[in-house]
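In the two complexes below, chain A is the common chain; its partner is chain B in one and chain C in the other.
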Partner chain A sequence: MTAIDVTSERPPAPPLSLVRARRWATDNLFGSLGNSALTLISVAILAYVAYQVLRFVFITADWEVVLDNRRLYFAGRFPDEEMWRIWMSLWYLSALTGASFRLWGRLTPLIAAASAAVAVLLFAFATDYAQPRLLLALGLLASGYLAAAVLSRWRRQLAGLVIVGWLLAFPITIVFIAGGAAVPLLAAAGAFVLGSYLVWRLTSGEPLPRRELAWLGALELVLMALIFIEPNVEGVDSRLWSGLVLNILIAIVASVLSFPLGVVLALGRTSGLPVVRVVCTVYIELIRGVPLITILFISWLVLPDFLPESLRDTDLVVRIMAAFTAFSAAYIAEIVRGGLQSIPRGQREAAQALGLGGVAVLVFVILPQAIRAVIPALTGHFISLFKDTSLVIVVGLTDILDVGRSVTAQREFIGRQKESLLFVALVFWLITFSISRVGQRLERRLGVGER
Partner chain B sequence: MVEETVTLAEPEAPDGRASEKDMVVCTDVKKWFGDFQALKGITTVVKEREVVVVLGPSGSGKSTFLRCLNRLEEHDEGQIIVDGVELNNDLRNLEKVRSEVGIVFQQFNLFPHLTVRRNITLALTHVRRMPKTAANARAEELLRRVGIPEQIDTYPAQLSGGQQQRVAIARALAMHPRLMLFDEPTSALDPEMIKEVLDVMRGLAESGMTMIVVTHEMGFAREVADRFLFFDGGLIVEEGTPQHFFENPQEERTKLFLSQIL
Partner chain C sequence: MAAITAAKSPVAFWRNARFRRIAFQVVFALGVLVLLNFILERAFDLGFGYDFMGRRAGFGAEGKTIPDLSNPFDLQDYGANNSYRDAYVLGLLNTVRVAVIGIVLASIVGLIAGVARLSRNWLVSRLATAYVEVFRNTPLIVQLVFWYSAVFLQLPAISESISFFDVAFVSNRAAAIPSLSTDEGVNLFLAFALVGLAAGLAVRIWLGRRQERTGQQRYPGWTALAVFAGIAAVGFVISGLPVSVDIPERGERSYAGGLQMSPEFAALLVALVLYTGAFIAEVVRGSILAIPRGQTEAAAALGLNFFQRLNLVVLPQALRIMIPPLTNQYLNLTKNSSLAVAIAFPELVSVSRTIINQTGEAVSMVVLVMATYLTLSLTISLVMNTINWRLRSTPR
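So, the complex of A and B:
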């Protein structure tokens, strides 16, 4: 063997990309006889499938059923004159999203493309007046971004504002849509969230600037006042919630409410207090042991008989949302419990040894690590929760899948089930894919200090 | 690195040896894990500014003893008084003692999801209620003292083992502890990193900190210790000055142990 000369030799030039591609192909696709055969067969199958799909999409299919009924897919029987409520919610959310991107993230092409695709679908298919509204929403997204850019001198205050905005997004959205009797309840929820935030900030050792404290305090007072005086905000009867709006509302309500509930259940199940532990364990095992469809039927037909007189005519959608929340919480509890168990005992001991109290140990040391560890599982759970919302068909609610089936009963669209169902599948896929991307992003962002 | 002299002297700490004040008083401390008795009656006194090194084979109860001193383990019988406060089920006592006793673990136990800065300031802001700016200043000062000021905004996983252990020491010192416990602080380290941690501990001992150290680093122990405690089978078998141990150990078990590790 000759000694390797390390001094005179220049590093070899990178191979031309064509050469590299050929090299890659011979290495990976045609490495052996069997490998080559597999490659050829796979390509043939792929080509056949692609041909069939493209032929169907562009030649055989008649997409008029989807175009004509776009409004039904999106909002079902939601009254036309009330659609502004949904637009208001979307505008609010897009402004927040824009500001958040400016403050904490960057608009990666993939996310931009995904959200644009979802937005275009939602808006373009939703109403006849979609285009101006689509522009408005995109405009708000941009103006949220720009506002944050212009006001970057007050970045911190702005960040606080946006965080409060997100915390209140849930109640505000629901008030926009449900209005009426929901106001006191949602004001209570908002007051609770804001109140916890204030208490947390006030006790965190980093005092709030006085001005911020003043207006947050004022907002808190307004919310608390709203709990008692009931402004007669008209809403849309929940029996009219349908189409994709219904799927999304159920999924959001169930996710937002079941997450904290699930975390509490997980902590309860791992608690040292026997009564708490038994109650949580029984709840989790009971719910997990029953199919979701059964739970939906129970909350439709059986639950009213067990409720006190005053709650007996709680409307169906609310009962169904409660069912989804209860169901989801049990699963989240088990996922989070897995995360809690993955935290080494030394973490708790180190925190205790520093004098941190029980709650502080959980909030600052244990839970952030436990939840970060289970983000992939949680993402999966939220995806299946969203897909499960189409099970509301069994209790007579009209979700997007039900719309997709019933529009083909119209005389001019008889026989167009394929197009309709494929479109529904595409909508589900687009949304779940976005959730999955957000999950991956969170994972990457929070994985900074990975051990 | 820490080649330049590490000065850990607290401004107010006089450079003297053990005072007459009792820092830790243990009277017949017993502890069971299920049926296994880990401590069979430990009685000892540690004076203020004293450096005590605890030796003994594994399973002899030395870690358990250390962990009883800030109540990470609860003792079943006997009495432990730390800086005048008795350790019992009174939560106020517990809080007071825990924030006055710092502990450094074999496995560092830094919080991996927080930056070095936040690891150090977490307890300052949430237990001591210190404003964030003051806590940050304290973190910077401590990191200078342990020789890694430039690592303040990194995460623990980005540091070497020796650096992590020095952050752990800084984190414990941030609370201004009156007593520092070290539970085999160099056992999980690669050999080339042991020195940098021992240097920091040596500086701390010289500054007059009261320390109880479980370690197998005999050179270091001999140099800094005022007194050795030799544990075996949950009891203090022998105690005395380093000189006594190295030149004239009395008990058979001590001799056997020393012959094995030296």
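So, the complex of A and C:
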């Protein structure tokens, strides 16, 4: 009896859960006099806040203002007959998300319960018009998941397909909503990137395989043709983009476009070419030193005077998206630079010793490791970029915050600012909080910080 | 052998690495110069310059019926005859004021919340976590608009203002809190206080050295504080009690005395402090967690008590880790104060927008605002870098 049992790994569980609860309370709440006092104060604060919140939510608040204007919050002045464009994009993304979740995620009871709760909430809140469409989106989400489960045999091929789907998601969504007018811009960006790559490869002295050259050359020609041939696809005038749709569009466009730009700036700032380094450093520090609002002001008031005649009447929304992109790129550059600095010299030297050229070393050795190392910071940046999209109210665009502010001017909703603005805050909170959770998941899957 | 001869064979000059480096930089520099030249030319075509700043601004009490006496830096007190330059300086002062007060208050809130999140008390740490997650994950501008139009503007009128023990009041026109007012003897008092400070520092150094030499506890900090407080108190009496507390009084349409804040200022301050405080809480938490447990345990093993451990071992190290991210938060707070343009608080950006509306000098004003913010940012960075340098760990 006196011998100590060294084989058992954990002490035997206490017989009663009540004992455990008491011990837990002693350990965590009433350990000492000071601790007990802190607990009592916290209970008082909690009780007060809970009472006020519950009383407001269920008794004094009048949620009519939110319910009556729910379409305005989400789509603002987006025309009814064009709403299918948003739904099509949503459906496309739902199916992709479902499949990706099966391929790379894991369905825990907690995630399932939380998603179900959000789905029920969304459904209860949606208008009669939106309800069946929302159901279809949920159905597509489930079918994507099931399809990936059924086709698990061809996991590799399916994964490739889904990745291509995600890569195409950006141009597809943009063309769905903006129509053919967006094609030349997208094509010009693509042609520029691909063209620079081709010029570099062709002059660098490394042999470029014939087949690769043919493929890339053909793609480049198609992209260049698309700059001048605007496909006759109708879209929605960007002046009508408003509500939450506008916030999401600005955030997506700015994130997608600023990422490559930020990587290039980071490479420029760390490059061995002094001229490039100085220019990139000045740009990054200039943008980071001033508030976002001043950059929005430039886009709004100053930029039109500096554009060539043909571009002078570019829509404000497009100019604001450009401002967000320019702003975000500087911050991404600093994040990526941190990642670049964390890569040991040996990696580059080893890659060069293997005979890889400059671009290949970067693309296949340095950047994948550098970007993987800074995923947490990048997630944080994209979240704050999404939060920043509300700043567009200052330049007169109608985002969800502007809707939330102006609906209380309707006669029957005067004085209902609290309800309206709290709802706006809740929408933002739900979105940013879920992005941060997805980001944490991504970190764990990619094993950030485990080496 | 063949490979070596191939390597020696003359390479086309455009494949020479050195040529490529130089050529690329020349082309790049030319491109940047052409762009800069175009921008400058266009800017001067548009009449870039600051001559208009001397003109009469004429913005006084626009859109407000009751003069806002509450705000010492408000546009109304400035009178309509002042120039744009004066208005701009006023905006700058307001920005600096919000930034300084905001930085101090946000640091306090952040320190409390950050330490509370690490508390062993389950309830306290959960409460702090809830605060951080709620305020960090909603946009600042939404919070700002909420505080302004859903809280401060919905308060009762001045005649029915909410009173806190009759010494502080809030209403939809202004908030008033007690302040300190000074009489003529204040300079003498300040002189005494300075002498006290110098004496206190001297005592602190002297006793500290003795303690280090002899190993006996001399309480240098407490003694120094007592010396300072004693000299300051004597000076306070000698100079004839020059500082008194000014308690605001409520009138029918305004408050008298005390420190008064406009609802715009109050909303901006509350929003900035709560938002930045949540971020600072995370900085504080991360820095304390970064101190290895062994440090505390080693200090305990040496026989240091709780406060000595915190004061001499944990906090100095945590502070060192904290400073760079804290600098970022201070810079963010300063830049974020520009969101006040959404609630029309007359700070830098808000005033500049009005000036642009009136004069149409968008290019000049935007350049000026950006230069001002860059200067502010550099100043804060400089101060924080100096502190960082002073606190740096000595290399081992």
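Observations
The rule is short, and it goes like this: the second predicted complex is superposed on the first by the 365 of 451 C-alpha atoms of A that agree within 3 Å, B and C clash if a C-alpha of one lies under 4 Å from a C-alpha of the other, contacts with A are read in each partner's own complex, and residues count from 1 in each chain.
Note that a residue touches a chain if its C-beta (ideal position, glycine included) is under 8 Å from a C-beta of that chain, and two chains touch if they have at least 3 such contacts.
Model, not experiment: these values are computed from the prediction.
Residue contacts after overlaying the shared chain place A:Leu38 against chain C, while chain B stays out of touching range. Contact with chain C, but none with chain B, is seen for A:Val302 once the two complexes are overlaid on the shared chain.
When the shared chain is aligned, chain B comes close enough to touch A:Leu356, but chain C does not.
Of the two partner chains placed by the overlay, only chain B lies in contact with A:Gln369; chain C stays clear of it.
Within the superposed three-chain model, A:Gly289 lies in touch with chain C and out of touch with chain B [touch as defined at top].
When the two structures are aligned on the shared chain, A:Gln347 is found in touch with chain B, with no touch to chain C. Here chain B and chain C are compared by how many residues of chain A each touches, and C touches more.
204-205 are the residues of chain A that lie in the contact sets of both chain B and chain C, per the superposition on chain A. For chain A in complex with chain C, the residues that touch the partner chain are 28-29, 31, 35, 38-39, 42-43, 45-46, 203-205, 272-276, 279, 286, 289-294, 297-298, 301-302, 305-306, 383, 387-388, 390-391, 393-394, 401, 404-405, 408, 415, 417-418, 421-422, 424-425, 428-429, 432-433, 436. Only residues 70, 72, 95, 98-99, 101-103, 105, 107, 109-115, 122-132, 135, 155-158, 168, 171-172, 175 of chain B touch chain A when the two sit together in their complex.
Chain A contributes residues 204-207, 344, 346-347, 349-357, 360, 364-365, 368-369, 372, 446, 448-451 to its touches with chain B in the complex. Within the complex formed with chain A, the chain C residues making contact are 11, 14-15, 20-21, 24-25, 28-29, 32, 38-39, 42, 46, 119-124, 127, 133-134, 137-143, 145-146, 149-151, 153-154, 335-336, 338-339, 341-342, 349, 353, 356, 362-363, 366, 369-370, 373-374, 377-378.
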